[in-house]
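You will see chain A twice below: alongside chain B first, and alongside chain C after that.
Up next is the complex of A and B:
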């Protein structure tokens, strides 16, 4: 029974992915402009050369042939060659996906931990000064422009204190004695962007956590637990928190799925080599294969995260099964 | 509990990616490294399909052409140590430098030159194709001689910067794969070698080629190009010494950086301009532009409303020079309109011109109409992520209003714009062009063959274009090129308003030996030569 449901979910997920793939294909081609017409802004290029380049990228074929080729390549696992980087899309994305996932993953963990903590404490101390303080902080962090916050961090930690580098993922051109030195270098470069991104996301988690926690704390079983004489912190951890985590799982799952989309503002401020800027470049250059590849990855990870969330729900909440 | 596991997972992942650098040794102390901030990625090291400017810059360091430019853009020997031109001006004989080796140790020969030129011509190399036009045959009588025959006297032969690639590597690649072949070794003959091991995402490392054949070798051991997406952090990074130079900084950062006393700021004039392009395409081109723009008097009236000095100050932060014609002032080919020809900012004069030509405001709405009642109202498009061009459009619109011309302002991205301008489906737009050391390159955009987006076509202009491509006498070529610019200024398909500068910066307290090229106002980087990369050295060295 359970296996069948899982299978069904996976089939649905695959169907969704397929529709997104087809939709993306046409979506990008509806955009005015194509990569080759933009190349004609070079005084050295002749009209024949434009046609040659068009042919080299298969853009001279009728749309249905291009689409058929796209589908065929897709089923053989070939995402095509990026117009901009003249490399297989897989390689272009591959170079940037790890930096993105590492940075946003760490930021996400910071946000989740601080967010849950803030939310729980706020709900527990509802209406007290601590609650107001934490809630205000969360809202402030939530509404703060990431770009501006990043620049302030650079101003403090790089320009004034000279503790951290202004940007990039590694010290350019440096050779490392061992991988620990390299890791320390990456770590140093990641401090500011991770904190900046993490704090910006705290608000979302804190506010959601607070409101569900308040609901949960009013439930009869909490009163029962307290009446049984359990300590306050035990009630919070063992009785309230697991129940309040349910809506959080959905939010976390969706956010984790979106991680691979990158964060263009953070990547720009700190020159982090991530997928957000890659997507912007691809869009500006009308790099269809790269755009398709990026959207495919984002789609797949969002869907995957949702499937995972569903499965996790079953584990956390036995009611979902029935 | 779960969070702790996630943290451990994360750390493992970090460890995994960092392992790519396992085993690499710490750089030798005393290595002289110059780090330059760039804002665009190297799209590919394959010169056939490279498009970006920074790729051209990198290829220039790794590969050598036959001839290079000196600081005044005059040809100087490189792979060719000397050359002769036959009396009929059709046959060039290049004598190649001896003992030149590729980075992998193989000897360089004339066969490499022949292979490169033929392949690049057949494949239509984006950045270099125009240099190879008009070559009819290439002979290699011996390993150190290349004889090139041309169809007509080729005025830009010695401006040819096509990078010579090794036949023993490139010849192995199938013809239909060579265009987007991914070259991960990048073997050239140039003064720098690309170091794939030390390069990472957004960081390109080049090390000195100790075996370089040239008399002069680079002073620096290592050149690092690193991407900074954010021009504000470039300024901070310069002050902190994270980087030594920047190929482009925001004009707004100039004062703050200059005040530190450690940084040289250069307003680098680069060949090129920004223009207001007017769709004057005749009806048979099938466009949708406003037919009133086919009237020269209206184009001239608009030109009188362009307040160039004000635009330069307000929209461009003075990073540039006011301009009117295709080729930059300071270049011997530049044409400066005479006092009678020159149209400087004068809305009253514009109003008078329009009044005399019969365009007056008959319905009292402040906008002039023609005899049939069609208003002088045009759509003006600027590119949405280009704030200075958007400001220019706003300034122009308000000034044109004074002369009774209305502009409706629209923004779109460059992709969308490029789609409509080549089908003549617009009225007026603002964009720019980058030019080259050879004036012929930028002049080509107005030839009938090139199909300019304004619909400009002029028989005399085409004739002059062909003539200057074949004119070997520089003084005579200048005359031809100047007449072409004069025609364009009179016909006004483009209202050229500024020659934009790159604002470049370098740590003057740490480095010396660099210079603006081709003149004091020229660029330190992106100046079409490798001279500064060769000459730059630490300020405390002898």
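Up next is the complex of A and C:
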């Protein structure tokens, strides 16, 4: 039973991935102006040459053969050539993955820690002034456009206080004594984007944590634990928190899509050289092969990460096992 | 019979309204929304000229002063006037996109839940697709491909944000379908369209209403973000476009706070108002969350 459920989830995810591939294929083929029509504006190109180019791109083939070619290219890692970088899309993307992963990793840790803390405290102090304050802060952080929050931080910490650099990952043109100095410089550049991204995510985690915690605190086993005479903080830590943590796994997974959106905004505001910033520049240069490649890679990774989270949840929650 | 049901509904509605009135969050949210709707409706009276028309432009990037209460932007336009016109566009895009999203989500949810079997399966896989893929990249590629116009933005937001609604509407439809009155209507010989419109839709309506609030908040944020990223319609003045111009002009590093703080605050206020109302509804409607 359990195996069947897991298998079903994996099959569904694969279907979704296939949807993405098909969607991606057709979306970028309804674009105004393909390679050929762009070239044919050039008067020096003869009709025969255009035919040759069409053949070279496989545009003279029937649609199903074109689609097969597209799938073959995908599985061999051929995502075309970027207009702006004049390099294979896969290479351009590969070089930008690490900065994004590092930034999001740090931000995620900040968000989870603060979010859990906020949520637990406000569920515990439910209805008191502290709860209202934390809840309002959470809702405020949740409602704020991430990029705008970033702009405010730049205004305060860079433009006014001159404490932190406005953007980028390293100080341009600077030479480093050793790799530690370089790391320190990167760290200094990462403070604002990581905190900004982390705080932007706190709201949702805190609100979720608060409501699950409130649910858990009303369970009979909590009353039992209190009746046994355990202290309030012991009950909170040992009985309530572990049970309230489970839904967080799902929320983190569901949030992955939102986090990707946040990364695009943050990296744009702070010119952090990652995937999000790449997507912004690809968009504004209308670099379609790059945009298509990015969309594909980001989307498929999010889908796969969701499946992983599902599997993890099955492993962690003993109640799902039966 | 109908009269009794109507009066019961009316009593429930009045009770609901009084709960909203007594709930601080719901009350605050309603007041804020009312303020911005008023601002959008009365806009032409407050700003009797086209902001995008540079005829009234003054000096560029001036801090707040007597003549320009919120200063001027990088083109010398009055920020306050821009803000008021922006409210019209932002609220219009937000509400139309929300309406589109609700219609799509409701239709798909009811049809999937009522039909069951293959249709349900196909529609739910489609819903999963829209639920799981990251929204912003999807909106970005769609907007990039369709081109930047205000209608395209509305379509893009509407077509990407219906999945959550479809899910809950389907779940509710499944349970309504099993109730006796639906079975009876089927046995009398009513056709599917009649049942979906007359019997299922009224029963999922409260749910749709609660979801509208959530989607509206998403729609406003999406419009702002898409415009900020350069996908907005340059011929219309929205809060998102303002933030886009402010960022492009380097207002942050120049310390021109009057240019980008007000539009962002407006967006936050509207989204927060929706979030407050949605959150309060959850507390009112979900008995599990009620204080013991």
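The rule is simple: the second predicted complex is superposed on the first by the 249 of 322 C-alpha atoms of A that agree within 3 Å, B and C clash if a C-alpha of one lies under 4 Å from a C-alpha of the other, contacts with A are read in each partner's own complex, and residues count from 1 in each chain.
Operating definition for what follows: a contact is a pair of C-beta atoms (placed from the backbone, for glycine too) under 8 Å apart; a residue touches a chain by one contact, two chains touch by 3 or more.
Just so it is clear, the structure is predicted and the values come from calculations on it, not from any experiment.
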Which partner does A:177 reach: the first (chain B), the second (chain C), both, or neither? first
Chain B or chain C: which reaches more residues on chain A? B
For A:144 in the superposed arrangement: first (chain B), second (chain C), both or neither? second
Which partner does A:159 reach: the first (chain B), the second (chain C), both, or neither? both
If you stack the two complexes on chain A, which partner ends up touching A:277: first (chain B), second (chain C), both, or neither? first
Could you say whether A:133 touches chain B, chain C, both of them, or neither, answering first, second, both or neither? neither
Looking at A:101, would you say it contacts chain B, chain C, both, or neither? Reply first, second, both or neither. first
Footprint overlap on chain A, where chain B in one structure and chain C in the other make contact: 31-32, 151, 154-155, 158-159, 166, 268-269, 284, 286
Please output the residues of chain B touching chain A within their complex, sorted ascending. 3, 6-7, 10, 13-15, 17-19, 21-22, 24-27, 33, 35, 41, 43-44, 46, 49, 51, 123-124, 126-130, 179-180, 182, 198, 200-203, 205, 222, 224, 226-230, 232-233, 236-237, 239-240, 242-243, 412-420, 422, 431, 433-436, 441-442, 444-445, 449-451
Residue ranges of chain A in contact with chain C within the complex: 12, 15-16, 19-20, 23, 27-28, 30-32, 126-127, 139-140, 142-145, 147-148, 151-152, 154-155, 158-160, 166, 211, 214-215, 218, 256-258, 260-261, 264-265, 268-269, 279-280, 283-284, 286, 288, 291-292, 294-295, 298-299, 302-303, 306
Can you name the residues of chain C that touch chain A in the complex? 125-126, 128-129, 132-138, 140-142, 144-145, 147, 217, 221, 224-225, 228-231, 243, 246-247, 251-255, 257, 260-261, 264, 267-268, 271-272, 275-276, 279, 288-289, 291-292
Contacts from chain A onto chain B in the complex sit at residues 31-34, 37-49, 52-53, 56, 81, 84-87, 91, 95-96, 98-99, 101-102, 105-106, 109, 112-113, 151, 154-155, 158-159, 162, 165-170, 172-179, 181-183, 186-187, 267-271, 273, 277, 281, 284-286
